[in-house]
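Shared between the two complexes below is chain A, which pairs with chain B and chain C, respectively.
Moving on, here comes the complex of A and B:
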């Protein structure tokens, strides 16, 4: 196989790790709360700004800055739930869409107002690894590993703990979990906090590779939604797998032409698949 | 143990229960019978807190408990096996049982409680790693009852546990109800299977269009001519 193609594929698999993390968060929230957080990518943007200011402006050591950013976005997730999601929980889906869509415009405008439209980089220069004459981004390698660890920790949490079991249960039958002594509102808060923490973690990983600006969410938000729908909304394993499929389509398309065309290819693949398997690639 | 006085409830502006009163003494079993749409499930939902009580008084051991949400009712010692079993189909049998022990008191004695449930239902132990939704109807009913028992309740509510099961399995379910009674639990059971439920309960209530039309000891109701004509079909 062509070494450059292999290089493109490996670099994209690595990026797929971060997308997978975001797909997990979005699917978790959708599965449990039954609301799509349209503004999820913009919540990631907030995390990137938090990391930028903590690390690049105030000189907080990187690991500490990451931790604060993750906790901060996690709290932001809870606030978003309390202020925006909870009031529209029993409203028609269109109203929910408008509420979380409104949040998207709010966050983008607010960030523009506060920080301007400058592209800012946290300025961490990570080396490019040379491996068997291929060039692999170290930032992406880290992002991939951390993303994978995040996914495994989430899996163990959902599988092994009482709260995790309740989170899975509520996604299967929300009306009766109260009979098990589970307080639905508390599970929603925990889920929003986890969804926020995943967005915060993704923000730290993305900030290593990309500049932050108020509209950065637009560059990967649509891809995450496509991934989630492709994997079957609410299906965490499906979304996880779809992240890598879409990443690969973009990698291979980008290799044979350019990035713009690779996105066209990915979305075409998506649309065609939606006709063949409207409920997602991994519909049960 | 469990007592309801003039309880009313409904869904939005639709009233489904009109001043229902009933009493289940400690260690006894009560039965609620009545036609479809009479409000039996609504009654169970009110007791377990799934829907709010609009009027009336409900007490457990003399303490008022009306108006608490469902997750707080479990802490009061009320467990509810819902109509249609409602297992979490993609969780394993053991995960379904684990979620039944969600409240802190129950988590602390999870292992003991699990042993007890597995002794009552050895079949569940064989299938502990299986997804609950893939089991037979009878096994799912056992799992649903087991899940409710995991919280170590004082009162067990069962909503049509024999519905949709093969005749032989129906018999097993009623045998189970007897076993559970022997374990000292207080039981309130809703059933369409009037003949058989009257054999396992001490006292029964006939619910029609949201009100209690008749009540009495199981023996009295078995010999009541109205019940015999309308519900037992003799």
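Moving on, here comes the complex of A and C:
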């Protein structure tokens, strides 16, 4: 096998880790609250800006800055839920989609207003690892590891804690859970906070590799939706697997042609698969 | 002659006389409002029945790019290029629509499939940068005033074309609204299986309205391209344009004839007004306010502006005449 192709594949598996984290967050919110957050990638953008300003402008140490960014985005998740999602909880699904779409417009333009359209980099230079004549980005390796750890922690949380069990129960049947004495509103808030925290974590990992600008959400937002739908909306493990499938298609397509065509390939693959398996790859 | 008809005639007279007395900048604004109103109306043909497509950016992009590319590379007149682009859009609408409707891809899933479609067209336009100029955009060869090339430096001509297009859009909307299709499509949007059970050909009805909507959107894109004479993948296709189409239509109201037009009028005047007011230092200010309004609109007025006003009127009328049965109230 071609060494460059292998390098592209490995680097993409590593990036797949971050996408998987975002897919988990979005799937969690969808599974529990039954609302698709179109603006999820733009909430990540907010986290990236928070990290940029804390670390690069105000000189807060990186780990502390990351922690503050994660907590901040988590709070943002709760605020979004209270202000935008809660009022439309009983509206038709499409109105919910459109309300979060309005949020997308708002976040992108507000970021443009506040920060301009400049590309900003947090300026952390991580070494590039050389491994058997292949170059692998250290930033991506860290992102991948942290992404995996995040996924495992989320899994344990959902499986082992009381509130995690309640979250899983609500995803299965939201009417019965109320009868069992679970406060739905509280669970929704916790879920939004966790979804936000995952977005914040992903923001920290992405900020290590990419410049932040107001429209960065548009570059990976659609890909995350594609991943979630392919895995089956609400299906965590499906989403996790789909993020690696999609990132491989993009890697291999990008290797033989350029990045845009590889995305065209990935989106076309998505459309075709929606016709073959309309409820996602792993639907039973 | 009824009051409404008189109002319509007065409105048309003002429309015809408009270019003689307003300055070019406002004429430019009015042309844009009319062209976008046409595209929003085309979207609302589908949107009002709950088939929310995020893929209309794709049809608009094809409509704008195909005639322009054919003109620049093969000197083919837009009179052939535009029908060709319409054909391609219709074909694409069928390729995506047929399996979607056949396999009952609805709601979220339909929205996301069409979202992917608009990404495919946007990224293809960017990726084929040797031909389309990519993100740098694309400019048609200019030949001055020419019917053959459909290029008019005088805005008056495009104003006329825009008015005609807009009327075509309204006519299409009304034809569907008054036809048997509307009943069928409303039944489908309520419950597909039940609609099929009473003998409605679900697939055909949905496909027909999709094809009409896609073709009109492509036509709007083509004329918009001929008018602006500069195409950029981001401004004529892709998610941003698709979302703009969806939101402006919904803000105006998709359940009424003039709803999308009001959406276009309000959003464009708001954007322009805020831009003039804030100046170039505050890029994004206009869209920030726009975003907030959209969210508020969807939370508090899911029927759109025109729909809400009509709802209030209908309620008043009912209160005045308690015996009258509630008619024309759609949810």
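Throughout what follows, the second predicted complex is superposed on the first by the 284 of 284 C-alpha atoms of A that agree within 3 Å, B and C clash if a C-alpha of one lies under 4 Å from a C-alpha of the other, contacts with A are read in each partner's own complex, and residues count from 1 in each chain.
Definition applied: a residue touches a chain if its C-beta (ideal position, glycine included) is under 8 Å from a C-beta of that chain, and two chains touch if they have at least 3 such contacts.
None of these values were measured; they are calculated from a predicted model.
Judged by the touch definition given at the top, the superposed model places A:123 against neither chain B nor chain C. Shared-chain residue A:59: touches no atom of chain B or chain C.
When chain B and chain C are set side by side, the one touching more residues of chain A is C.
Of the two partner chains placed by the overlay, only chain C lies in contact with A:94; chain B stays clear of it. In the superposition on chain A, A:165 makes contact with chain B only, while chain C stays out of contact range. When the two complexes are overlaid on their common chain A, residue A:173 makes contact with chain B while staying clear of chain C. With both structures placed on the common chain, the touch criterion links A:182 to chain B but leaves chain C unconnected.
By the touch criterion defined above, A:84 lies against chain C but remains apart from chain B after alignment on the C-alpha atoms of chain A. Touch criterion met: A:103 reaches chain C, while chain B stays clear of it.
Residues of chain A that lie in the contact sets of both chain B and chain C are absent, per the superposition on chain A. Across the interface of their complex, chain C is touched by residues 36, 84, 87-88, 91-95, 97-99, 101-114, 116-117, 214, 218, 222, 225-226, 229, 233, 258, 260-261, 263-264, 267-268, 270-271, 274-275, 278 of chain A. If you check the complex, the residues on chain C that touch chain A are 50, 52, 96, 99-100, 103-105, 107-109, 111-113, 115-117, 119-120, 123-124, 126-127, 239-240, 243, 246-247, 250, 282-288, 290-292, 294-295, 297-299, 302.
Looking at the complex, you find that chain A touches chain B at residues 162, 165-166, 168-169, 172-173, 175-184. Across the complex, chain A is touched by residues 48-50, 69-71, 74-75, 79-80, 82, 86, 88-91, 95, 98-103, 106-107, 147-148, 151 of chain B.
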